[in-house]
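See structure below.
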């Protein structure tokens, strides 16, 4: 059993999560600029969450790409990750509607942290299933981004006690570090592609 | 015709069911702890249902994996299963919003029971299509979990007449037994994988 | 280009349509039987529409199975079909909420009729693309169900002027005739399967 | 890594976008013609947006078909495109609910323009990844439709200052030009198909 269906199902859930978040931007009744203005914080929180969900999809995509066989514990670890991702629309909407105040921002950070932990557990489940010669283990290397992210989320959660804007800044930075491409996995993938490439 | 498209379609429906359930947790207007508290029962019912949908996806995944050809009766049996699963968001929301009172809990159990029966009918349709040498029949073996679950749902439905919390406990136990992995199917799958494994 | 992605996209849209229809059954606030009763007509209309969408998915599945190459006109004909299917949740909700009165039932029938016409156009686009030796043309044969259905929808639309329950009966009958399996296509598929079957 | 999963994920998001737009047509409580009439502008804006999303799906489908390997920048460019497409339900609903007045129409045009730019950036990312012998570059040729569309959107946005109906006309024309099939890509695809065609 390859990881195909696991990917397809996860893609479905992630695609719906992304699109459901946009529903929090309720269509206003008036048609002037002033009717749009209250939606601005919800729009900003949507952008941040879209970006985060995009990161998860991206990383998930790369990770499953080096996962040949799917075990029962991988299935459950994947569902556990999807559970926390499914809470993004709620925390995004709550944070946006309350203009990034402290408690909603902290809850947003907590769900991000839980998703990062769930992602880590899934990674470990795959590595364990691949045995001592795990391709994934070699591919992720030191995984500094995977280790730094949860730390930044904890910093952001703590920062809400002082200033929720400081917390927001940390959350934005924690997202931006993922734009730096994961050269290690890609290089290995390119290597294997050059061997199996389909000219179609 | 392989089971590929049946899986893809079922995955789509199941992915949407899972994500629609979370919409029952409406974003509160205030931003304090006390605004979150009323959502707790809805959140708990969401966790239970997420788990149940996860179990169904998991089992469905394993079952279709040993189903090579799809007949008309398999298609309809699968749609019948999806119909009952599609009612999960409604019963989950009703049970959560009414704090696990008797009637919503009973209806929740009834829909679980109908889904279990639909799953059984789908299983039988696949076995019938595979003839006397059915791989699925061998793979499921005694299927004690598939037989115990509907019994537990009936117990839970009856228990709502006495105490809805007793009913909830039964429903949680009926979910947890599925965490015990289905060694039989997995072992057979691993066997066939070891023959067809794709090193990509 | 095979029909794979066309199927996947259509499956996605159909899966969402099916699941969105269930959202019309709004979770009631009370927890007694009397709170559920107003939902009964919405539930009945949901069952009918679920069945209809299931029929479309089923037939679409069989039809694309004998479609090797996808042209531009097939793509647009398919989108046209999805457009009419996407109106099912609206007409289903309107008919259910108004207890199957005349105008909502007529509109329900009109959308069914338009979907049937769109399906026919898609069928013709595929047959045209396959040239004089079209497998689909042979497979559908006389297609009595495809020809009878739109007639029954027209009867149902006209019947709403006399009695909306008579119209409902016609719509239910028009759905039930699709339960009779399309032996012709299946037999041909089984034939081709027996040649290409994948033992996995 | 082929473009398969990128397509599947994009299909999922686009399928949900299309189906979420229809939710803006809220089921009316009465059951007479006069209850339907207020929905007409929302229905018209839905048709226009359905058509636009269909165009994007269509073009995206053709473009990814000539994309063998997916790089990190293609992934992000694709997510960027999906971000702008995900705003269609909002702008569609706002424009429809306000009867095509100036500001909602302008915002509708702006989101169309941003989606067109995002599509162009994705195209460039694929061409860059294919090197000097890019199949996509050859396939799109002069790409007069891809260049004309954003110009028309800008004209439409500017036209809202004079007359929103003039702007609407431009937007409809800008959609209709995509009905003219992209012969170049299709011809090349047919050529490659004739070599790799699967008789199944």
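As written, the chains take the letters A, B, C and D, and residue 1 is the first residue of each chain.
We take it that contacts are C-beta pairs under 8 Å (C-beta built on N, C-alpha and C of every residue); 3 or more make two chains touch, one makes a residue touch a chain.
These numbers come from a predicted model, not from an experiment.
Colleague: What is the chain whose Cα centre is as far as it gets from that of subunit C?
Modeller: The chain lying farthest from subunit C is A.
Colleague: Rounded to the nearest 5 degrees, how far is subunit A rotated relative to subunit D when their C-alpha atoms are superposed?
Modeller: 90
Colleague: Validating interface symmetry: for the copies subunit A and subunit B, is the fraction of residue numbers used by both over half? Same or different.
Modeller: On the two sides of the subunit B and subunit A interface, the residue numbers are mostly different, under half being shared.
Colleague: Taking each chain's centre as the mean position of its Cα atoms, how many Å separate subunit B from subunit C?
Modeller: Averaging C-alpha atoms per chain gives centres 26 Å apart.
Colleague: Report, in whole Å, the distance between the mean C-alpha point of subunit A and the mean C-alpha point of subunit C.
Modeller: 36
Colleague: Residues of subunit B that touch two or more other chains: which are they?
Modeller: Residues 8, 12, 15-16 of subunit B each touch two or more of the other chains.
Colleague: If you look only at subunit A, which of its residues touch subunit D in the complex?
Modeller: 7-8, 11-12, 14-16, 18-19, 22-23, 25, 27-33, 36, 47, 50, 54, 57-58, 61, 65, 179, 181-182, 186, 189-190, 193, 197-200
Colleague: Mind listing the subunit D positions that touch subunit A in their complex?
Modeller: Checking each residue of subunit D against subunit A gives 1-2, 5, 8-9, 12-13, 15-17, 20, 24, 68-69, 71-72, 75-76, 79, 82-83, 86-87, 89-90, 93-94, 97-98, 101-104, 107, 192, 196.
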